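First chain written, first letter: the chains are A, B and C, and each begins at residue 1.
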Amino acid sequence: MAAETTVPLDTRPRIHLEKVAKSFDGRVVVDVDDLVLGNHPIEGLIGPNGAGKTTLMRLIMHSTRLDRGRVALHPDGPESPPIVLSEMPTHHMAHHGLVKTNQVIMDFEKLTILDSLLLSVARSKDERPHRLFNEDEVYERRAEDIRAYLERFGFPDPLGYARSAGEKKLLDIIRCLLLAPRVLLLDEPAAGLPEDVRDRMMDVVKEKSASDGMSVVIVEHDLEVVWSLSEYVHFMAEGRVILQGDPEEIRQHDTVIEKYLGSEHAGS
Amino acid sequence: MNLGWLDAFLVSGLFFVVMVIGLALLLHLQLGLARIANFGVVGFWGIGMYTFGVLFVQVDWPFGEIWAFLLSVLGGVVMAGLSGLLIGWVIADLDIDGMLVGTLGFATVVLILATTQQNLTGGARGLGGLRFPYDVGAVKANESLWLLILTVVVALILYYVHRVHRVPYGRLLTALGDNEPLARSLGKATFRTKLWLFTLSSAGMGLLGAMFGVMERFLAVGNIGIEITLAAIVGLVLGGTARVWGGVVGVVLAVGFFDIVVQSYLPLPQEWYTQAIPVFREMLFGVVLIVVLMFRPFGVLGDMRRDKIMRRAHGS
Amino acid sequence: MQFVADAIVIGLTEHAPLVLAAMGFFLLYRLTGLINVAYSETITLGAYFGMWLNTTFGLGFYTILLPAAVISGLISVATYFAVFKPAKTRNVGALEMIIISLGLSVFLRHALQFVFGYPVRFFDVPLAGTINVLGVGVGSFSLLALGLVLALSFGLYWFIQKTNLGLQIRALASDDELAGASGIRPLLVTVLIWFTAGVAGGLAGAFYGVGSSVAPLLGWRQFLLILLVVLVGGARHIRGIIFTGIATGIVLAAVSLQLGQILYAQLILIVAFIVVLKVRGNPSADTAKV
């Protein structure tokens, strides 16, 4: 099941969480002692609702403050010097190659689909107040990628607005992909997508992971997606990562899985 | 050049309208695009005006008047820009309440300083001694030329805003006002962007203030009230907060109607003009804000149409 | 030492209405979550109606207080039904609501001039005797006014915190759906809040007006300070407003005495409050949406 990758495993980025904890209103939402993400090109993060998966993602992105602990990015493999993400503001994450999609639909209502994509590809020097004539330049620079995505996912009207929830979800993912991330955190990417679009999305993620050396961590409730995409799965419950292993191992802990995820996924 | 046909009131009326258009355009960038609530427009406008006036009149410049004039204007612009930098820094990560208080507070501080620093500003009595940097004849001729210069300046601001909507910078501002956390997650430095936007647009407001001071040839504290801010907001809201031409259309309809049509061309009893008309004008402005925001929140011109902009730019 | 006594006495007597106005504003702010700029006009209209009753019918100041307060309360309720309720029904955004309230404020401030005239007006009350308080000569009038203002402020505080109706108001403020489900009638309580806020504002206006003059900008001149007192003092508890309001009054008096100019006092307070707000920062920064 492992994807063929041109980028050797030990130079791929890792995210290391150490003693990370977060509570809301006195209730512990995340409590992770030592977790490394990215040892495999595509990893899954599953668990029941309220397990803390999305909060964990937000802590990594530092859009939520940590109560304690440290999140570090090792951009070129586990031995490379760490970049401490938990000391940085959220908008620095993309510069270090870390992006996250959104579980809940997040969109720019005033921007067209193409606007969203161009927003993503624009660098900060393109967006200075005195740059008044560089629209075409910015477009041309990434025109190939943009056109490839638009074609691949068949948006009926890219010069118009994203209308359906599915389109907005997809747009969120493509925006992140256009940032050419080194680590992509997908938060329930399949939710709200029609099946064929979902499959196309999974193919793109798999390809990018293989060809560009992008590490992917995918939070999902749709277990078909998890089993087929990831080579390693983390199982979270009540704020802790309580199981880790390849999909077969996880599926076989059927008592635990049955309790949380339903018997149709237990066993083989 | 015979300007007998040109009514003196018309010139000053037009000047005011064009100036408020300029303010509304700058406010459009702040409020319409980036959703920065600026209730203290008059503060930045006023500090530009007063800094220019004080520098021009109170400083003993060692060189020719034209240089003194230009440096004073520059001083006004820089002071307004620095104020924008400071206040922008204060409000860029605050919520709406914070923005309201920060900008309104700043405008109040400017008013207080203008009133209390009598040695510099003339206080409540005001400060005269301002002049046009040229002399082409009668007062009306000088004023008309200055109106022309102002029109060029505001036309440039309009062109700037028009271009902004069509480039990545404008897209960023729009995204920022639309969904700031999402923009940040894409790596956009939203605080810094808002800060520089506010700095530059405040400098622009200061320039307009300085130019007004020149036109009036007098600094009066009475100008630093809510009326200027209100005129800009009403014009922008009426025309359309999110549109390039919103401020232009709205200010012409609201301020233009009163200051030009009513002032100069409607045959109303003379004594109405001292109190009744100005009071009625402000009253109507208040009603316009309520009615427009309740029933047609995007103003006369409607909502932003980026799809039209994009089709024109990228349609193939 | 005399300076401190002066500052406290003058601060309390001259600026006591600030506390009352701040509490009224706080009621609305807590209920709606939004800043109602037009609240400053309930203050102004309280002064105008009080003055009108006083000069037209020759009624004494204490006689006109209750009717002026009630009229302000009714006007406040009227603005709710005419402007704020319909706006909420149309799902007007937070920023737009504030601009609407600014529009209402400007409208009222100028419309009243067509009713009461353009010139500045005055209450017609006899010159009260002065009482020596801690070495400061204070009009017995102002002293009684202070007493009334403080009594009303504490009364309001007690009403909100300790009574059943007050509990309902607080419940409504935090979640109106939930409050409705538990049997509280939102409309009735909402109207009561708007009325009470209007009463508080109107009373403050009457006291402001009798102390100086009655002009269209009376309320607006106090607005920024009221807003700052509420934002800084009322963030956690309604008690904070009383303390912050009193402290503000004393600081205003102290600085004016020291520097001879009340405008400097206002300037210092504005800057100080904004610094506090900035340092305190945005509590919502912790709950991320992305």
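The rule we apply is simple: a contact is a pair of C-beta atoms (placed from the backbone, for glycine too) under 8 Å apart; a residue touches a chain by one contact, two chains touch by 3 or more.
From a predicted model like this one, the values you see are computed outputs, not experimental measurements.
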| item | value |
| --- | --- |
| Contact-richer chain pair [B-C vs A-C] | B-C |
| Chain with minimal offset from the mean of all protein Cα atoms | B |
| Gap in Å, rounded to a whole number, between the CA centres of subunit B and subunit A | 44 |
| Rounded Å distance between subunit B and subunit C, as computed from the means of their C-alpha atoms | 31 |
| Inter-chain centre distance, subunit A versus subunit C - centres from mean C-alpha coordinates, in Å | 50 |
| Junction residues of subunit B, two or more chains touched | 181-182, 184-185 |
| Shared-contact residues (touching 2 or more other chains) in subunit C | 285, 288-290 |
| Multi-partner residues of subunit A (each touching 2 or more other chains) | 61, 63, 90, 100, 102, 106 |
| Touching residues on subunit C, where the partner in the complex is subunit B | 35, 83, 86-87, 90, 92, 94-96, 98-100, 102-111, 113-114, 118, 220, 224, 227-228, 231, 261, 263-264, 266-267, 270-271, 273-274, 277-278, 281-282, 284-285, 288-290 |
| Residues on subunit B engaged by subunit C in the complex (per definition of touch) | 35, 37, 39, 90, 93-98, 100-102, 104-105, 108-109, 112-113, 115-116, 181-182, 184-185, 226, 230, 233, 237, 275-276, 279-280, 282-283, 285-290, 293-294, 297 |
| Subunit A residues touching subunit C - in the complex, by the definition given at the top | 58, 61, 63-65, 90, 100, 102, 104, 106 |
| Complex interface listing, subunit C residues touching subunit A | 285-290 |
| Residues on subunit B engaged by subunit A in the complex (per definition of touch) | 160, 163-164, 166-169, 171-172, 174-175, 177-179, 181-190, 193, 196-197, 200, 242, 304, 306-307, 310-311, 313-315 |
